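Quick one: the structure is below, questions incoming.
The chains carry the letters A, B, C, D, E and F, assigned in the order they are written, with residues numbered from 1 in each.
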Amino acid sequence: MEFLSDALSNFTSPMILFFVLGFIATILKSDIEIPDVITKTLAIYFMIAIGLKGGFEISKSGIDENLYSAVFNSLLIGFFVPLIAFLILKFIGRFDSTNSGAIAAHYGSVSVVTFVTAISFLNSKSEPFSGYMVGMMALMESPAIFVSLLLVRIFDSQKIASLKSNTVDLLKESLFNASVVLLFGSLLIGLAVGEKGISVVKPFFIDPFNGVLTLFLLDMGMIAGKRISEFKAVGVFLFFFALIMPLISASLTIGLTNLFGFSTGDSLLFSVLAASASYIAAPAAVRIALPKANPAYYITMSLAITFPFNIILGIPLYYFILNLFR
Amino acid sequence: MKKLEIIIEAIERRRVCKILDEVGVSGYTVIDDLQGRGKSGSKNASDPSNILKSSMIIVVDEESVINSAIDKLKEVFKFYSGKMFLSDIQVID
Amino acid sequence: MKKLEIIIEAIERRRVCKILDEVGVSGYTVIDDLQGRGKSGSKNASDPSNILKSSMIIVVDEESVINSAIDKLKEVFKFYSGKMFLSDIQVID
Amino acid sequence: MKKLEIIIEAIERRRVCKILDEVGVSGYTVIDDLQGRGKSGSKNASDPSNILKSSMIIVVDEESVINSAIDKLKEVFKFYSGKMFLSDIQVID
Amino acid sequence: MEFLSDALSNFTSPMILFFVLGFIATILKSDIEIPDVITKTLAIYFMIAIGLKGGFEISKSGIDENLYSAVFNSLLIGFFVPLIAFLILKFIGRFDSTNSGAIAAHYGSVSVVTFVTAISFLNSKSEPFSGYMVGMMALMESPAIFVSLLLVRIFDSQKIASLKSNTVDLLKESLFNASVVLLFGSLLIGLAVGEKGISVVKPFFIDPFNGVLTLFLLDMGMIAGKRISEFKAVGVFLFFFALIMPLISASLTIGLTNLFGFSTGDSLLFSVLAASASYIAAPAAVRIALPKANPAYYITMSLAITFPFNIILGIPLYYFILNLFR
Amino acid sequence: MEFLSDALSNFTSPMILFFVLGFIATILKSDIEIPDVITKTLAIYFMIAIGLKGGFEISKSGIDENLYSAVFNSLLIGFFVPLIAFLILKFIGRFDSTNSGAIAAHYGSVSVVTFVTAISFLNSKSEPFSGYMVGMMALMESPAIFVSLLLVRIFDSQKIASLKSNTVDLLKESLFNASVVLLFGSLLIGLAVGEKGISVVKPFFIDPFNGVLTLFLLDMGMIAGKRISEFKAVGVFLFFFALIMPLISASLTIGLTNLFGFSTGDSLLFSVLAASASYIAAPAAVRIALPKANPAYYITMSLAITFPFNIILGIPLYYFILNLFR
């Protein structure tokens, strides 16, 4: 069965294996410490790298009408995923609006590294995808967060408790959010510099890309492993939510992408974006907008459950399902 | 003179400094990347979103100034985990 | 309330925190990567094995709690270089 | 015993420690990479030449020793921005 | 017009574009934080890389008599640039000797990254230059600082207020200044190891060089952007001084290099060294030797005005002027 | 004489030269600061890189019976080297059991970077070696430490003064010691991913390897240089012990490897492992197990005397002796 072989082949990918190694290492209490500053820098490296590559692809392929449907699709996902998540959490999970909204924001937003891992999965399958998908990721980072805050406002009897200034700051911040600026900026630069410019940075931003991802996933594995201790705090419902929500988001997205008729590569990336949970942008935003929500919930879920699930099983699974419809 | 040690989530450090500027304290010193444990559980530095770190802001000023700072800051502590410690200190100049 | 500032070799920081948890202090704050000098010579950060750095752990609690912490911690200082400083402090809440 | 907290521009940290060694204090602890604000404007860590950072040096010793340290240090503060804070403290041993 | 096309082509260079991106990002308050330790390490990387490359070039070309005129030229620049700067600041700008000397020291000394950017500009034009130019840069870092201190001593009615010990320390320090040692050391090593040795480090120090520079300039853009808030403190005179002084230094140098008859590549590098303002060595030295001078002046000018001007407009401009005389 | 030419050729190796540069730089008080976090990260990089490479080699060559004799040989070295060191220190050097044991632990354990330097020495001689040697290094890190602790227990009249909990923690820790987990993990991954997987990470973990090592050794040179001030504390006996002990360990090992009939490459690596002194794993373990031992002794000896000796003279010397027997 193709999915199985993919899932298994995933286990001969050094990136995934190093993620697992990091996870195990932490459980064995053997602290291989990759300093925080390195993690931060690598995250920046990835955003520049995929931005440049994406922009360069666009400069080659040119912008086709698909772009508009892609933007539209992104917005649909950015609206429905957090909505569904919120309703499940509030009415099936019986969580208060604040926590439901906080978690919904994470599942609505996206995880850069999951996206990056999906890209290297597609490359390994030499499956093409559009350069503008990087733009779609940047586009999908914030809207879901605001949809979730809106839902909290609507369902919360008394207005959300938070420092007044905050929501204003938040709008400003998320509009010019570090990663949004970096991704769009690199995308535009990739567009502008063309072949010659790219060749200049290729040996740093393109060739070592997968190797750097390997190191980064080792670190992610350790970060994820460290949060296992919080599983009890999370509880059974949220644990399963963190596994099932990605499936729901991915299925929904696979449906949409079939309607719009995107290529297999683009459809996979859309599904992965929908299925992934943010662990950088969303936690920071939510901590500011919904300080009363419990961070132990959303950080543990996105980092220690959904992220591993997506990179290990999710990506090959979504890819398999996608191909059933082709 | 009084010394106020403020321990606050990294993510709210900027706001605390802003408040201190508004109150008009004569100055402050910031120590970042603190770890720790309190009633809200333990804070450790390994979290990509940086919401599990703390910063310490040290303010030394006249009691009156410190008190008005404390009043303004209490609002922040309604929402964010942290602590404020007050002690006597002497400024050399 | 009393404030206990514990300066200890980085390598023993974990044990100190464990002891504080056992004693049941209400919380503590950790500052890592300290340098310094004491009777055991100078500590500076450039050492790959990380045994030449110190950490500071700050604990604020009732005198009684602090004292029992101190007793438990003395054992550690029999073997490792470091210092404990005690002072008066007021907790704002 | 007295505790002297010295906040000084990173670039002058070495000199301060040298002075403390000369005075013969029993030891000191250094915290680097501080940010802050004072009358000379705000100090923040992002400056390649490293002249916009501060360090804190903590010295605990007998009042007499601390006082002679303070005298020697005043010279430095004539030229560099920083602060010295003095408080009472008890050493555990 | 060639200059325009160069200046524009400069805007299809990823390095420059990322500098601009960093600058914009900071203005948009979107804090893409590249940790300090990374900036420090990258600076070391560049000094090693250009040192090795320079030394290797020398080992191939051998040391020609030009070297002596190059050294002489460096010393001339190191003497006249700070002198001119000082006189302008003191007698036209009416600044006290201390601040005039402090700023003059910065414009007399050199900026490694501006030099590095000029090198990649020359490479993109496949314009050759001599390996020993790296040595010239190392040579030009300190003298101008001492010339400036001397000027302060001469013009300052009462002897400069500073801690006695300092000036002595300073001489020691700047003689074995980190970057001087690193540059000369790498230069010698590049000379010693030859083809084989270089090939061993090429994949790390040479191939990714431009990519690393891209990342570094993103950071520099943010650092420069952060200082805009200080522009008011700097004032109109110093603002324009920071734009015009590089032109004066460059013109003077172009004149000198024509006299000495250096190659276009070497002449450009000399002009860039003369026009660039130090923001690492000089601030540290001046803070120690002239504590009473206002850091807000010299840091803001060299980092936020002269550095951007040189890498964006200066380099192509000097290159254009140089070619008018050939 | 071949050894001389090797020793000299060693001085046209950029790695060694940058180590020397770092050493000199520190003596000149010119503080080129490579941040701690970078050093830590590079150490992790090396362990992953050699682990992957080793595992991949095994996957090609397959596991031959030699493996068993290699393991056996490692254990012999791990037992005899610390024993000899301990006896020399206690009965010739007249040191108390605690310090003798502490130092013996360092000389019994291994130095990753010395091993890495030996590997790049072998590559430069295109001398083959077995992939499982990385495993041997991982294997040899801890046993010698326990042998030494045992010796202290045996010879110490009153049981070792240390915090009760400690020795238990220690066993746990050193079993799943960061580097052990990382090395074996990478080894297994290298085994699993095969050609395709390796090619994916090659541009990051294999091509730049020597360049990264160059940067790392610059830092090691500075770290070693900083400890010279401690030489007085170390004293004449320990100083010479730090130079002679490696020769003893290497000779012993060369004898053993001849008995077992290992290839020249493997024999050199075994000798280097035996001759090298740990400065990461051992100090940490010893500080915990033997807090009363003086760190100034063992850190200074392994970092500032034995490490430089091995990478500069030791490696070519052992290689020369080895070849006398072939």
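By our rule, a residue touches a chain if its C-beta (ideal position, glycine included) is under 8 Å from a C-beta of that chain, and two chains touch if they have at least 3 such contacts.
From a predicted model like this one, the values you see are computed outputs, not experimental measurements.
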If you walk touching chains, what's the least steps from chain B to chain E? 2
By CA centroid distance, what chain is farthest from chain B? F
When contacts are scored as defined above, which chain pair ends up with more C-beta pairs, E-F or B-D? E-F
Chain of greatest Cα-centre distance to chain D: A
With centres defined as the mean C-alpha position, give me the chain D-chain E separation in Å. 33
Could you give the separation in Å between the centres of chain C and chain E, each centre being the mean of its C-alpha atoms? 45
Whole-Å separation of chain centres (CA-atom averages), chain D against chain F: 40
Could you check chain B for residues that touch two or more other chains and list them? 31, 33, 87-88
Where chain A touches two or more other chains at once, by residue number: 37, 40, 203, 208
Chain-to-chain touches, reported pairwise for every pair that qualifies: A-B, A-E, A-F, B-C, B-D, C-D, C-F, D-E, E-F
Sort out for me which residues of chain C touch chain B in the complex. 3, 17, 21, 26-32, 60, 87-93
In their shared complex, at which residues does chain D touch chain B? 4, 7, 31, 33-39, 54, 56, 70, 74, 77, 83-88
Quick one: in the complex, what on chain E touches chain A? 11-14, 17-18, 21, 24-25, 28-35, 37-38, 120, 124, 203, 207-208, 210-212, 214-215, 218
Provide the residue numbers of chain A that touch chain E in the complex, in ascending order. 37, 40-41, 44-45, 48, 52, 172-173, 176-178, 180-182, 185-186, 189, 192-194, 196-198, 200-205, 208
How about chain F: which of its residues touch chain C in the complex? 36, 39-40, 43, 161-163, 165, 222-223, 226, 279-284, 287-288, 291-292, 295-296, 299, 303
